[in-house]
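Each of the next two complexes has subunit A plus one more chain, namely subunit B in the first and subunit C in the second.
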Partner chain A sequence: MSEKTKKQEYGTVGYYPGCALEGSANGYDVSTRAVAKKLGLGLKDVKNWNCCGAMEVKNVDPKLQTYLSARVLSNAVNLDHMNTVMAPCNGCYHNLKKAEYDLKHDAKSREVVDELSRKARHKTYEAGQVETIHALDWIKETIGEEGLKERTKGKLAGLKVANYYGCMYVRPRHIFPEKDQGPGSESTSKPHFMDDLLAAAGAENVEFPLKTACCGGAHTLSDSDTSTRLVLNILQAAEAAGADVIATECPTCHTGLEMHQVRAEKRFGKKTSVKIMYFTQLLGLALGIGPRRLGIHTNISDASDLIVDKRLT
Partner chain B sequence: MSATPSAALASQSRLPSSLAIFADIEARIDRIIARPGDPEASAQALLQLGEQVLERWLEARGEVPTGEQREGFRLLALHRQGARGEPSFNACRETCRELAYYYNLIKLEPAHPDREKRVGLAAMVAKHLALFVSGKMQVAGLGEFCCAAKPLRAGGK
Partner chain C sequence: MPIHEKSLIRPENLLTHDKLTIDGVDVSGHWSTFIEARVVTDYNEELETEIAALPGGENIHRCWQCGSCTNSCTVNAIEPRFNPRYWIYLIRMGFESELLRDKDIIWQCVSCHKCTYACPRDVEPEGVMKATAHWLELKGHTARSPSMHFDLEFTEQVVARGRIEDVEVLRGFFRRTKQPLLQDWLVEIGWRLAKRLPVKWGIKSALALVFKPRTRSWGKARLAIADYIHEREEKDKKALHLDQSKGGRVAANENSAAGRLAAAE
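Up next, the complex of A and B:
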């Protein structure tokens, strides 16, 4: 796909918010929609979407997870006539990409998806019909750094940001064939798209060594103490790096950082004060959108003082 | 210097259980965070602690830790060995690479003004590796982490 065509293709995308963005990560959903509106980008919600299969279904039956993600892609192409689906949630993004990979490379997966689609009476999904992208790809490709610079005029100047991508955005590498393709592409070892976008809006990205480190999200209920200690280490590293705020792009990571920041103080007496915000909330502030319209008040991490101090409104 | 809680826990145990070993490793990392000392020596120590973490993972899986190096680091060779047959172990691949990266920065830029800060960040990377691997070992039922579970695992003996 050429650069120009890609921009056009991404102008209006099928939007798959997934379960988290309708619940605990509502701030990510409203800020994504508000930023899209401000940037003149189109979002068309995927009709009758379902859970991507997340971690729970994958643990029971990986092929069932492939089917659930394939059904979302089938609806996008057959009901909405979209050929691009944008998923802001790392878990959803990862699972749709994995389904795409499995259907392309594994005959058994195709067989299961075809069979379940037939039973559920909808058209099956065939690999290659839809391209799945992340919200970071979407803004980077359509607006880009230059476009953001023009629109934000360095509004985030003076704000020190630690960009935290989490693990599912880049792993496993083989399901992201478009990454690691040289200059301009995203890196799976040192991702930088969020850094690029926030820097374009004027933010100062600090050197943060735990960008893709595990947040312990999968063990947050079964082994809360390990999750808390992993998160505490991430928060302390961000503070040691000089960050005012950790920018996130994964609802699981975001919720984990917020909840375990509180728990770390209660359980281990370790207080950290670095704030946690979705990158779309930061971009929204840079674009002049009010904090409430970005759902910042719905975050557990209270960034109101930071927003006032840094004159982000 | 008074012992940290994790160091005290490690010293109380007469058996080198996984809990005690990881508590000792974390305590040694915490000491470097608290008092970095010579940056290059600290970076070397952190690299070795990272290797010890991966050695525990491999030994718990019944493997002999490799003595080979990859890209000049035994740490990276150990990680590669540890991820064989266990793709989810790649979730700490970049953590290992970050540790090697910081070791290089600290060693090759001795006059850099951020040298001490880099030691602190490297220590947090090493700590993350220890926390992640000990968590994975607990989930996988490898090693001995809980004294209450010991009789069950030992078949009631």
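Up next, the complex of A and C:
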């Protein structure tokens, strides 16, 4: 066991943004980087990273997805010499965790990854070399609630937030062995890390029953009516709970909520006005970073009035 | 009523007599509802084996029909016909004709992992849904689903360049499914964003479409993956006793890995 505490361990982490954060979820990327800078945390981009397979490649072949995720982990340990990789995207986070689990427990997965790595001429990835964490774990372990309280001075006071975690951060339970380990650990049935961080920044978390409901993100375009119905449930539940804003931690959920909020209005005449922001954008505002530097203007959901009303700048 | 008799109570299997008297008691109408007797002979004994041979279907034999999957299912909550437990039952029994009644909705699984979380037998019902949807397509019972079009567009980009570009995936998906790109709601989103975003942003997005994101040192991985996918497809076809000379699912156009592989040879 290393003598280092998690706080030191996570001080500088390998950063795996993933495809979405380079494209449609750019606001999540810039806000994560801005928050890291403000908090004095180091991010080292994983060299030559590739797509983790998202929710699509597994439907062509699940073990190909394991290879794609394993290549990212292999690069982190062999090219960057990092033993922690932080992925803010739930999809990436989930897939790296799943690859870790499969490589630890399934010989057939190891065989496929070893063979593909050999043919692709890079070192294979062996389970246990890298610890994958989410942006939530990272801020919680390094700065923590006390640290955020000091730095934000309750800046988000008066803001009612529905924390939305989605599917990939908590399910299935077996790929997250560190969760459900009692006090201090994350729960897969009632996750609370995002609630904890935003509460520390002064926000009022509303009682939101759909924290881990599915937004239909995998079929945002291919089965839009189903997605719109699922998203509308989430938006309406958040409004019923009195939320001003839904805090997100996943680009697929975030974009899905935003797109189907518009679609529900256009196609079904169901208008909802709750705003949608990445939790890093909210934390950034709490830390006194300007909205544009957090990419809030690049969200489809226009939160500019809310930011003025709640004096968040 | 046990799940395996569910099909017996479909409207077409119910017999009701407008006028019927039994032993001097008038049981006309509702009181004379009977179920049509049936004899099933068209079991497909290969059904479970074939679906278990496709990726995701491996653990179907573990199911003990507890129903936790359907009980937790996101899609079942809004479409009661979407019933993983029932389909797993039909597959294991070889009730192909009954399964085919639902062939057009099986692909709608949203991968929320609730069933995998709930399943006490590690069946991974989500995987079984994907395998079943593949089986239906490969056997020609259904056309390629919108979801599979999306997955293939996405996967081909990953294989070709190591990374995807979201707008390119969106365009590719609408092209494959022959839908217009200018959906009213997408246009609305575009307008809302255009009002707020700086010009710089538009230029950046346009450039991403021309200079697509790609992973450095990806070439060898691309070739290895193309090989792997080819082998996988051959294996699937063999398991399903399909004609192996027919082309694969991951298209061999010039931008795809398979295409480049062919060109390199």
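By definition in this document, the second predicted complex is superposed on the first by the 309 of 313 C-alpha atoms of A that agree within 3 Å, B and C clash if a C-alpha of one lies under 4 Å from a C-alpha of the other, contacts with A are read in each partner's own complex, and residues count from 1 in each chain.
We take it that a contact is a pair of C-beta atoms (placed from the backbone, for glycine too) under 8 Å apart; a residue touches a chain by one contact, two chains touch by 3 or more.
All of these numbers come straight from a predicted model, not from anything done at the bench.
*Asks:* Put subunit B and subunit C onto subunit A via the superposition and say whether they clash or fit.
*Replies:* By the criteria stated at the top, subunit C and subunit B clash after superposition.
*Asks:* Which partner chains sit in contact with A:Pro209 here, subunit B, subunit C, both or neither? Use first/second/both/neither.
*Replies:* The answer is first: A:Pro209 touches subunit B but not subunit C.
*Asks:* Classify the contacts of A:Trp49 with the two partner chains as first (subunit B alone), second (subunit C alone), both, or neither.
*Replies:* In the superposition, A:Trp49 touches subunit C alone.
*Asks:* Quick one: is A:Arg229 in contact with subunit B, with subunit C, with both, or with neither? Answer first, second, both or neither.
*Replies:* both
*Asks:* Now for A:Val113: first (subunit B), second (subunit C), both, or neither, which partner does it touch?
*Replies:* neither
*Asks:* Given the touch rule stated above, what does A:Ala237 touch, subunit B (first), subunit C (second), both, or neither?
*Replies:* A:Ala237 contacts subunit B only, not subunit C.
*Asks:* Thinking of the overlay built on chain A, is A:Ile276 touched by subunit B (first), by subunit C (second), by both, or by neither?
*Replies:* Once the two structures are laid over each other on A, A:Ile276 reaches no partner at all.
*Asks:* I'd like to know which partner A:Arg71 touches here: subunit B for first, subunit C for second, both or neither.
*Replies:* Touch partner of A:Arg71: subunit C, not subunit B.
*Asks:* Subunit A residues in contact: does subunit B have more, or subunit C?
*Replies:* Comparing touch counts on subunit A for subunit B and subunit C gives C.
*Asks:* Counting only touches as set out at the top, which of subunit B and subunit C does A:Arg263 meet: first, second, both, neither?
*Replies:* Second partner only.
*Asks:* Of the stretches 23-31, 77-85, 131-139 or 203-211, which one in subunit C hits subunit B?
*Replies:* Stretch clashing with the third chain: 77-85.
*Asks:* Under the contact definition given at the top, report the residues of subunit A touching subunit B in one complex and subunit C in the other.
*Replies:* 167, 171-172, 213-214, 216, 219, 222-223, 226, 229-230
*Asks:* Report the residues of subunit A in contact with subunit B in the complex, numbered from low to high.
*Replies:* It comes out as residues 167, 171-172, 189-190, 207, 209-214, 216, 219, 222-223, 226, 229-230, 233-234, 236-237, 240-241.
*Asks:* Which subunit A residues qualify as touching subunit C in the complex?
*Replies:* 19-20, 22-24, 48-51, 53-64, 67-68, 71, 112, 116, 119-122, 167-168, 171-173, 188, 213-214, 216-219, 221-223, 226-227, 229-230, 258-259, 262-263, 266-267, 297-298, 300, 302, 304
*Asks:* Under the stated contact criterion, what part of subunit C meets subunit A in this complex?
*Replies:* 55-56, 74-75, 78-79, 108, 110-114, 116-117, 127, 130, 145-152, 154-155, 158, 162-167, 170, 173-174, 177, 184-186, 188-189, 192-193, 196-197, 201, 208, 213, 215-218, 220-221, 223-225, 227-229, 232, 249-250
*Asks:* Can you name the residues of subunit B that touch subunit A in the complex?
*Replies:* 87, 90-92, 94-95, 97-98, 101-102, 117, 120-122, 124-125, 127-128, 131-132, 134-135, 138-139
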